[in-house]
Amino acid sequence: FVSCSTKENKNTLRIYAASGTRVPCETICTQYELNQGLTVDRNYASSGILAKQIENGADADLFISASKEWIDYLLRKNKLVDSTITLLAENRLAIITSINNTDFKIDYNTSFNINSITPERMAIGDPQYVPVGMYAKAVLDSLNWYAALNQKIIMTKDVTSVLHLVEMNECDWGIVYYTEALQSKKVKIVSEIPTSLHPPILFYMAEVKKDTNKALPLLHFFASIEGERIFAFHGYSAVTNKTYLARNTH
Amino acid sequence: MKLELKNITHRLGLNSFSYNTTITNDITGIYGPSGAGKTTLLNCIAGIEKPLSGSIVFNDKTLFHHDEGINTPVNKRNLGVVFQDNYLFPHLTILQNLNYSKPYIKNRTRYIDFDKVVSLLGIEDLLTKKPNQLSGGEKQRVAIGRTLLSQPELLLFDEPFSNLDRRKRKQIISYLLKINHQFKIPLLIISHDLEDILKLTNHLLIINNGCIEAAGDYLNISEEGHVPDIICHKRYINIFEAYCSGFDVHEKQVSFSASPSSHNKLHLSQSTSMLQNNIQLGQRIRLCLHPDDIALANNRVEGVSIQNQLKGRITQIISSRGSHYVTVDCGFVLVAEVTQAAVKTLQLELGQTVYCLIKAKAIEVVHSYIS
Amino acid sequence: MFTSTELDIIWLTIKVALVSTAVSLPISVLLGWIFARKNITCKPLLEGLVALPLVAPPVVTGYLLLLLLGRNGWIGRWLDQTLDIQLAFNFAALVIASVVVSLPLAVRTIRSAFELVDPVYEKASHTLGASKRSTFFRVTLPMAMPGIVSGMILSFARSLGEFGATITLAGNIIGKTQTLSLMVYANMQVPDKEMEVARLVIISLLISLAAIIASEYLKRRNSYLSK
Amino acid sequence: MFTSTELDIIWLTIKVALVSTAVSLPISVLLGWIFARKNITCKPLLEGLVALPLVAPPVVTGYLLLLLLGRNGWIGRWLDQTLDIQLAFNFAALVIASVVVSLPLAVRTIRSAFELVDPVYEKASHTLGASKRSTFFRVTLPMAMPGIVSGMILSFARSLGEFGATITLAGNIIGKTQTLSLMVYANMQVPDKEMEVARLVIISLLISLAAIIASEYLKRRNSYLSK
Amino acid sequence: MKLELKNITHRLGLNSFSYNTTITNDITGIYGPSGAGKTTLLNCIAGIEKPLSGSIVFNDKTLFHHDEGINTPVNKRNLGVVFQDNYLFPHLTILQNLNYSKPYIKNRTRYIDFDKVVSLLGIEDLLTKKPNQLSGGEKQRVAIGRTLLSQPELLLFDEPFSNLDRRKRKQIISYLLKINHQFKIPLLIISHDLEDILKLTNHLLIINNGCIEAAGDYLNISEEGHVPDIICHKRYINIFEAYCSGFDVHEKQVSFSASPSSHNKLHLSQSTSMLQNNIQLGQRIRLCLHPDDIALANNRVEGVSIQNQLKGRITQIISSRGSHYVTVDCGFVLVAEVTQAAVKTLQLELGQTVYCLIKAKAIEVVHSYIS
């Protein structure tokens, strides 16, 4: 069993995608497989794990990251072809609550008493390391709500956990990606958070450095109109300028 | 005491057992070949094995009754078991082992004293050790001590002396006789050493093939001829009691008689063990004498080293498998074992007067009662 | 050497590990003993239930616990409404998650230790007047000590490393429910924090080594087999 | 009842659990025995090393393994270049992750079982002519059987539930390295798949129950204590 | 055989042990009070305990030499140990226990036959059982069988008969004498039953307080007076060999003499066990007789049940703690125990001619050698 060599199959592409993008990714890859007669192996995990796997020699062809940090990280490790870095889609944040709860209104300004809609607790991703949490914290910070909520904030390890907590009504409300909020039938969207309150939420894609460029067509397919349509279908917004200027960030 | 086993049956693997007896003697020996079912009998009484049928009643207390659904839990039976394999608690020190039952005997009469038992058993120096640091005999002594200290109402001893030297055995046997005498605690004892048993009691249960083959006085048992195996050389012992009736300071001898009034006297060397403590006139002792240590003669014999020549009358002659047992009443009732040839030569007959020739050295003192 | 936040976290972690080991000990001893010695009818079912947190990914375990113990959970709602007790998102949640997740380990280990204790010693104890209860505490339990200690060590170490169920049931409230292993995980998810991860893992390891050494001492004191 | 993909995953999961149990058995028996009976100098170090995967969150363990065994890892690079063997992102990786993560459980359990076997039986074996090796296999090992079996069960169940180290070292590649518990995780990530999750968890549980029942049989066959 | 223990010292807890002796007898009995250090001695020889100093050499093979750093592993010593506590492997069946050593004896001479041992020990029916299903005596027999079947070059037996009945003991003792006679396998045996030991050998090691207090022929040992404890009632036995010299079909007696030419004859009842198998003229047997079963007389005594009256000469009179042992050479050299009073009455002196009065029943046949 030791020598399950990954080299033998020339007709296989390997895409390492952040687990948040699973649903559109699956659609796109399946379609691509049908079109091209190739196999696309999909590996879903958190962006951090994927980046570390790639760093340590995982045989990936493409990488989809939910945060810029990990793209930069791999760039520094010289693992990505920098010319291929593409902004894939943009996401928004939404405030959700359990389907059983009554609606409430939120004013996005500092004078709004956020505690009035938070009898016990609310949930966000852990801003230390969960991208959706970082954006949420940016929103809460910009409105001075983060301090106001004090110990009512439950920080989870990923966006689905926020969703679960709100679904079970363990938390009065939560901040998740708009796209996740759409998928669950047990939560309702109270309000979409204005994108001006946080840095743009961007999903990146890049080709992993290799001898061949065989994965490029798939990357292009992701960035194509068709790809965009599929992302949009699942709630993402299109990104107008898809080129990522790596060197600008440093 | 009364221990009644009624139609007890049990089964272990392919071996079946059935016990049916009533034990009334204070001390009863259980004797039988290896694998006969002696331990199983004890286990049934103790409640370690649950019989398939029957009932066990001890002094009006029903320990087990199959049909009535009674099965007194082991710890409520107040029995003291010395197991064949000791089963000292390996994680406890000897002191802790000995004191194990302490919390459970609060409302029981305590007749056994810790210090006395420990010094009798010679385990004073072992108290801080753990069982795995003891020798075989030391373990056995601790097991006896642990059981006695649980102040049981009935003692069940399974080969308690097998790893002990003669001297220790003797001391313990004497102690058991003492507590039995003082506190009336009945004892059932299994041993392969008939001598050990007979020093304690004449009452035997003979177990063979999972059944009680015979029960009663060992003389009667052997007479019935059921149990050829127990009647073999050196296995058959006269145990009797006598009263100190005089001293011969010069010859260093003590004399004993069956009753204060009896003429027939046994002479023992004062150096015989158990006699060394100051014995008093009229004091009662328990003696032991092998049948083949008694020679019979038609007349008093002169010029032999044999010191005791008791005149008596033959009351019984039993023949069994080539051996001849002659019971002579000479104040003490003694059984002598003689050959076919001797029976012929001496023309032994019922009612005949004979002399029992007994070497002083052949008599063993089992226990001297404190009057 | 440590920031005060770190010290708080270390202390919380140790507290959780100790408390959850203490809580799981009696439960796992009881279950281990039942599994080893009793022939109850619903045994496979109970065994499956205990094994569940081992077989299911910890996140699922945490999710199930939340379903049960959350404020809208079957048990949680009742506790909340009648006794005003909340079990999620606080210290209790940390302990519960740890206990549930480490229980299958402790139960198994302790059970096999009980299976290795010869029941004749229990019988000997009965003849000395000890009830079943008393016998259990004075004979069976101490004789199974190496296994009990091993079970406790496993519980303790598993508590230290517990992450999945904890974060689901207890969330991560900084200063309230963040343990070492949540912090390790957080640092794993951020680029270039490898040294920090290593540092935290080594701290966990040192805590568990301390526990192991303490347990060796406990065991040696109780050892009774020949050398 | 099952889709063919699911059947593949179930089969892969069982295969991984079986293989990793089989691999971890000799290692944990050896380590358990050393810890129980030997007085080697570097024992605490070795103990710590074995305990590491228990104390650190599985993701960290997986990461460490990746550092070692990945194609750029210290061992992985050498294996790749000289022997053309890859240990990450394939079946081998699944097994390795399972083995490493379950080792501390098996070692502990087996160790405490060895500690409960009285060494006098080993001495008796020596007097009958058996070497130390022979004695180990004919006396010590079978006498510790309840513990060995428990250790195997723990390994097996832990394998079934293994997630963190696996996703890091082996990836979550559908049809290749996705096991039941990774699939459970994946389903957890998607809203409204609770029934699916429940279904998969129950399958895992059934597999582990089968193992438990098999182990009971194994143990009963080897039982030697009085009833 | 030669087993040399030179300056062996050892320590267990607070107990120190030192052994220094050379054993050359084929069978040697080890005797001493409980806790004296008997098992420890055996453990040192077997290699189970590693002494602190000294050396152990068995027939030119150095088993242990502290200064030279030699410590032959236990399994290379080819010794057969019967432990005081059996230590049967609990996870193996009896058959597997008995065959345990099979893989290790490939290149050793096999002198013990499986079927023979199993039937001698009476364990045929137990082969499929596990040790926890056996009775105490059954375990002990299996342990003896397991050890014998490992075809050892030296047997170390620690209380091997403590849970066995007399009959089984006798059979096993006879078997041990037989294999010792046929294959020259030396035997060291610990027992608290001096009778068992003395049936096997006259050569003793007396252990007390962790030291070898005395070694040699048990008569000499007792003469030296070192070991008061072993000379107590019934513990002192004449063991001697005799040749069958005639039959008396009518009286059902067999007669034996010290040598084919000797006049002095001992008469035994044909029904005595071990004589029942067809005994032949000239056949050698080993007999056992207690000193206090011999009475002395100045002249032949008539009219007593005592069948054997052997004329002999007193060669030695030993007095020890009030007991008097008189050695009489009457073809057989026999020791009689008499009282102070008897010594006086009969005026016993060295060189005097006396008659030894021996009841036929008092003589026990230990073993009959196949010629």
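We call the chains A, B, C, D and E, going by the order they appear; numbering starts again at 1 in every chain.
Here is the rule we use: contacts are C-beta pairs under 8 Å (C-beta built on N, C-alpha and C of every residue); 3 or more make two chains touch, one makes a residue touch a chain.
From a predicted model like this one, the values you see are computed outputs, not experimental measurements.
Under the touch definition stated at the top, subunit C and subunit E share these contacting partners: B, D.
Using the contact threshold fixed earlier, the set of chains in contact with both subunit A and subunit C is D.
Put simply, the chain farthest from subunit D by mean CA position is B. Separating the CA-averaged centres of subunit A and subunit B is a span of 90 Å. Measuring from the averaged C-alpha position of subunit A to that of subunit D gives a distance of 34 Å. Between the CA-based centres of subunit D and subunit E the separation comes to 56 Å, rounded to the whole angstrom. Subunit C and subunit D have CA centres that are 19 Å apart. Within subunit A, the positions touching two or more other chains are listed as 49. The set of subunit B residues that touch two or more partner chains comprises 85.
Touching two or more other chains at once are residues 59, 63, 120, 188, 225-226 of subunit D.
Contact between chains, per the stated criterion, is found for A-C, A-D, B-C, B-E, C-D, D-E. Within the complex, the subunit D residues that touch subunit C are 44, 47-48, 51-60, 63, 104-105, 108-109, 111-113, 115-120, 144, 146-147, 149-151, 153-154, 157-158, 160-161, 163-164, 181, 184-185, 188, 197, 201, 204-205, 207-209, 212-213, 219, 225-227.
Residue ranges on subunit A touching subunit C, taken from their complex, read 46, 48-49, 51, 69-70, 72-73, 120-121, 123, 126, 128-130, 151, 153-157, 161, 164-165, 168-170. Looking at the complex, you find that subunit A touches subunit D at residues 1-6, 14, 16, 19, 22-23, 41-45, 49, 52-53, 55-59, 158, 160, 163, 167, 180, 183-186.
Contact residues of subunit E toward subunit B in the complex are 12-13, 32-35, 38-39, 84-85, 129, 133-138, 140-141, 158-159, 162-168, 192, 194, 229, 232-235, 251-253, 267, 269-273, 292-293, 295-299, 301, 303-307, 321-323, 336-346, 348, 357, 359-362, 364. Remark: subunit C residues 63, 66-67, 70-73, 88-89, 167-168, 171-174, 176, 185-192 touch subunit A in the complex.
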